[in-house]
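Look at the two complexes coming up: chain A is in both, with chain B in one and chain C in the other.
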Partner chain A sequence: MAEPAPLLEIRDYSLSISTFDGVLKVLDGINLSIAPGEAVGIVGETGCGKSITVKSVVGLVPSPPARVEAGSVRFDGRDITSADEATIRRIRGQEIAMIFQDPMTYLNPLFTVGRQLRDVIQAKDRLKPQSERRDKRSIQAKAVELLSQVHLPNPERQLDAYPHQLSGGMRQRVLIAMALAGAPKLLIADEPTTALDVTIQAQILDLVKDLVERLGMAVLVISHDLGVVAAICQRIVVMYAGTVVEDATTEALFENPKHPYTRGLLAAIPRLDGSADSLASIAGTIPNLIDPPRGCRFHPRCAEAGETCRQAKPPSLEGAPGHWVACHIYGGGVG
Partner chain B sequence: MALFVIKRVALLGLMLIGLILIMFTISHVAPGDPAGVAAGPDATAEMIEVIRKEYGLDKPLPMQFWIYLGDVFQGDLGRSIRTTHDVTDDLLRYFPATFELVGVAMLIAIFFGVPLGMLAAVFRDKGADHAIRFVSVSSVALPMFWLGLLLQLFVSLKLGWLPLGGQIGLMTERPEPITHLLLVDSLLRGQFETFREAFAHVILPAIALSAPALAAIIRVNRAEMIEVLHQDFIVTARAHGISSFRIVAIYALRNAMIPTLAMIGLRFGWMLGGTVLVEGVFDWPGVGLYAVQSAVNSDFQPVMGATLLIGFSFMLANFAIDIAYGWLDPRLREAG
Partner chain C sequence: MSAALLEVRGLTRHFRVRDGFRQHRTAVAVDGIDLALRAGEAYGLVGESGSGKSTVARMILRLLSPTAGTMVFRGQDITALQGEALMRLRENIQIVFQDPHASLNPRKTIFFSVAEPLVIHRGLRGTALQNRVEEVLEIVGLSGNFLYRYPHELSGGQKQRVCIARAVALDPKLLVLDEPTSALDVSVQAQVLEFLRDLKARLDLTYLFISHDLSVVRHLCDRVGVMYLGRIVEEGAVAKVFSAPDHPYTQSLLSAVPLPQAKQPAGRIVLSGDVPSPMAVPSGCAFHPRCPRKIGAVCETERPSLDSRPQGRRVACHL
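Here is the complex of A and B:
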């Protein structure tokens, strides 16, 4: 049986950013693919490149200073690796939508929610032929519909509110509503709940999950929190210092983590039934990306690293079906 | 919004009384005896005493202040010894010309400064940015009167494009006053030839007067735009495919305009002060020239009147800017 063609496919993608101190090798040979309707999560520490991967793919990283060194990006059958600004904006407007970390700062404080939402609806309408564009009244109606879709109470009234008059959770709902305006095929959620209270986090996660199932769109969730990703996603990609170290179904990853880094991450999740004396952590800090470690980028922090790990970059091997690991020791079904 | 405006109007009233108090105090504790000056160098002590009584200068200071305050609010600013006219009448003659000059200069500064600042921010570190910054730095570096002289020499004398000075030709028929502003009145009365001529006269002095403000507005607006364009909500707008023009000219500009407005308000006051020099160079019949001549002649009432008027215009301009803040920023509106 042939696999469905992936909606988004990132192959051997490497990205560097020039800074005053030198060239940061931010991404090194990233592989990532998402099937239509699939929910995939990317996890990793702050600075591991998870955010910049997606931002770069949709053209939100200014170039220069950023530069694609190698690899390709295909979306919905088209190669968009070096697409021009107009093309990428068209895709961003219509087919890929994004929601971001801090709902506080991602809405313009000087414009009403309604104005911003209507502008987004209009911007997406502009990509359609003249005859399908909405008039003022139906734009307004669409805005109300979007807000009720994200379960914002009193949608008509909220349209006249300014961002500072809404709570964090409400603002995130508004941002999700904006993302839905163009009926996207892929929703990218970059740390969607990090800035929110725990109870609100759960509500927003439920909302995203519900929307993804109802609207049949694919979703890519980026988080440093395995719990958040596991709540929504069927598959999880673990990133470390600009490389993908493990790629597996949520179930496989939790039950049978292979890569030492993944195991470290899982061990670092505090458990209610465990000892509360101290929290587990992975020793060391993320490496300097101007001069990344040779070989496996994780080897300086890996207790099991051997000579090969210091010399050669580990290839990503499929040990069990659909379970990819980039590790000299545990890759390829060993261990 | 109503509360926001009411509060600021009340503040305006208080500030006006404060301004009068400070001005009054300075002019009355300053050395020099107005009665003596008014009586002339050969006056006897009795004559000075008579004048002192006549002007009410023998009364205690608080009493004098109270009387002065009452007079000011009735539009009576005293009489000029030099021109022998009522100060109010003199100011009514001279102030509109100054107001017109400052108004045109401010419009030039805003209409060129804001877009140039915006362009410089969008094309940061590119050719356009460097060119705009060159203009901005040169405008600050050249003193106003010097720039005025250069403009006169080049544009008026060498090229002969625009008149050398004055507000309007001597022979030109002036329109019946409505607002006392020459440009506005000639338009309202339909005298387009007069308007054209008055406009030709105002261009050079207005350019000279606007230069420092233009530079300041470019600098502030550029810096603010650069900062705003790095904000998260700009990423949101970009991520949803909103056009770059809308993002820059509407989303970002509105945010950047708040600090820019503060600079505009400040510059308005500096401009009113700067008119003294520019009016001198261009022989512009304005209040700056009038105030200087009065001060030189120890003629107190006109100096106080002119100071009051300039101070009050400054306050009004900043009041207008406060209101604009409220209009731009919903958070300020609510804070009241």
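Here is the complex of A and C:
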């Protein structure tokens, strides 16, 4: 591929988690790369491994019980697969920042927004040499600057507010401001708008899009809502039961979806213009990951599955340029 | 046009909210709404959180008593029903809630959960009860195998079917569905939506469908009412309202939905600010502080009435 060196590159990444009932094979050979400044979305249903992929990459999944079985993760040219906690801490929150679904859970209700934001700025400063650290006044100024960057009205006044005094949309803006404090190269947004109303969701999506363009950072959006991902991302990765089934540009994915799961997902969405007469659902349920299906993990629910699908894991093939499909039938440009 | 199954006039609900020591403020959750459900239709009530849609549902079910207004169900005033009569009303109006997991008792079997309304209202027991429970589960597409399972053994979609089975066990006329698919994944949601559509025709039901998801309402409902801060701002046939919304709020709401397609339509309206608090509803038209098409002082001072417009639509706007 004639692309710039990826910012984040996940190769053949497999992860398992020991539970009381057995070993969950949570991720099975994930491949994912993000170029600098690129906006990529991961979609999939509950339990497909979207969140655990990114959490594991930034070292937020405790090990044990989790265990990296195979594969590697490279960030900005460095291998961080088995980096120690100290190294990961310098990256997490600094070069890779994250925002989550429920902004209230991530803010301390007992402290003002300003105090928490200043704490974050100071924590980043502590990684720098003494001479470059900010004094009190410039920390305050930085806090105001961050809040105005996320278009929070009256930033000076909001610094004295407690989280409960802010609305859901405003809290999410505060979290984004905190994420920006370290001038990250990659922003990971895990269901950033799921807890918000549509009109507020539209505001936050606009903000994220604007920040990506203005600051040139890459963003990885995780969502179960294909609409949200389509609104921000240039490229979409579809996950199913711990595997990547399709990876394509937003346009290709919606215009020309290849994988039966992707097509099933698209057919299941009710349309705002009423163009879907009846919704098709995907038969069956997501498999138990302690004993995942052999071969293609989607085969028990796939109408077109044949003998090969039951036996061998389909490789991810590039049918059209930049359009990767992991399917024995539709991979490699067929269909 | 068929006769109204349920007619609601001037329905209002205030909540007293504690505000400091021995002080209270009033939150206006529902502010004088008029609504008529026709027999056999699916009526969607949409709005953002805090718009009062669930409060309306809870008042119709008589789980909450209205501060003002009347509700007439099949010609009978149900606003102040008590005792025996209220019991009989509950047979006819049933509800399915958002989170099926929270609505089922984790320590009781599916049989128990579905049987309970039949025992209370019909006094069924023994074989008759067993047969009816099996019959109802059959209606929602669950086999007898599920009878003695516990909720944790079922998937989200199956649990929601159990909740629906329990709600239709008494042959209600009106089924209130409060965000029934919000907790489900899309492919499961598709199943439940298709099933609800089919069920309505089979059992001759009327739906009051409450949702914040516009696409879901578009798919399932015949008519839609859009709520903002406790008032209905626009109402009409789903296809008409969605293709050509009249109220600026409906327009921005529809335009705010990100579409699962390659190109997002141009000219999206992004509203600024948040929904005001129901404790301080703006004067005049409640939407005026955020309205992109405000025409002037009249919006700030005069509350627009929900006027009838052609094609059975009603819009509350000065435009």
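Everything that follows uses one rule, which is that the second predicted complex is superposed on the first by the 326 of 335 C-alpha atoms of A that agree within 3 Å, B and C clash if a C-alpha of one lies under 4 Å from a C-alpha of the other, contacts with A are read in each partner's own complex, and residues count from 1 in each chain.
Everything that follows uses one rule, which is that a contact is a pair of C-beta atoms (placed from the backbone, for glycine too) under 8 Å apart; a residue touches a chain by one contact, two chains touch by 3 or more.
If you're wondering where the values come from, they're calculated on a predicted model, not measured in any experiment.
Colleague: Would you mind checking whether chain B and chain C clash or fit side by side on chain A after the superposition?
Modeller: fit
Colleague: Quick check on the superposed pair: does A:250 touch chain B, chain C, both, or neither? Answer first, second, both or neither.
Modeller: second
Colleague: Figure out whether A:177 sits in contact with chain B (first) or chain C (second), or with both, or with neither.
Modeller: A:177: touches no partner chain.
Colleague: Could you look at A:281 and tell me whether it touches chain B, chain C, both or neither (first, second, both, neither)?
Modeller: second
Colleague: Looking at A:266, would you say it contacts chain B, chain C, both, or neither? Reply first, second, both or neither.
Modeller: second
Colleague: Looking at the overlay, what does A:325 touch: chain B (first), chain C (second), both, or neither?
Modeller: Neither chain B nor chain C is touched by A:325.
Colleague: So which one touches more of the residues on chain A, chain B or chain C?
Modeller: C
Colleague: Now for A:144: first (chain B), second (chain C), both, or neither, which partner does it touch?
Modeller: In the superposed model, A:144 contacts neither chain B nor chain C.
Colleague: For A:60, using the defined touch cut-off, is the partner it touches chain B, chain C, both, or neither? Pick first, second, both or neither.
Modeller: first
Colleague: Just checking: does A:222 make contact with chain B only, chain C only, both, or neither of them? Give me first, second, both or neither.
Modeller: It touches nothing on chain B or chain C.
Colleague: Using only C-alpha atoms, work out how near chain B sits to chain C after the chain A superposition, in angstrom.
Modeller: Minimum over all C-alpha pairs: 5 Å.
Colleague: Which parts of chain A are in contact with chain B and also with chain C?
Modeller: On chain A, no residue contacts both chain B in one structure and chain C in the other.
Colleague: In the complex of these two chains, what residues of chain A are touching chain C?
Modeller: 45-46, 167, 169-170, 197-203, 205-206, 224-228, 230-231, 250-251, 253-255, 264-274, 276, 278-282, 285
Colleague: Please output the residues of chain C touching chain A within their complex, sorted ascending.
Modeller: On the chain C side, the touching residues are 48-49, 155, 157, 185-191, 193-194, 212-216, 218-220, 238-239, 242-243, 252-264, 268, 270-272, 274-275.
Colleague: Quick check on the complex: what are the chain A residues that touch chain B?
Modeller: 58, 60, 89-90, 92-94, 97-98, 100, 102, 105-112, 119-120, 123-124, 126-127, 162, 164, 175, 178-179, 181-182
Colleague: Could you pull out which chain B residues touch chain A in their complex?
Modeller: 231-233, 235-243, 246, 251, 254-255, 328-331
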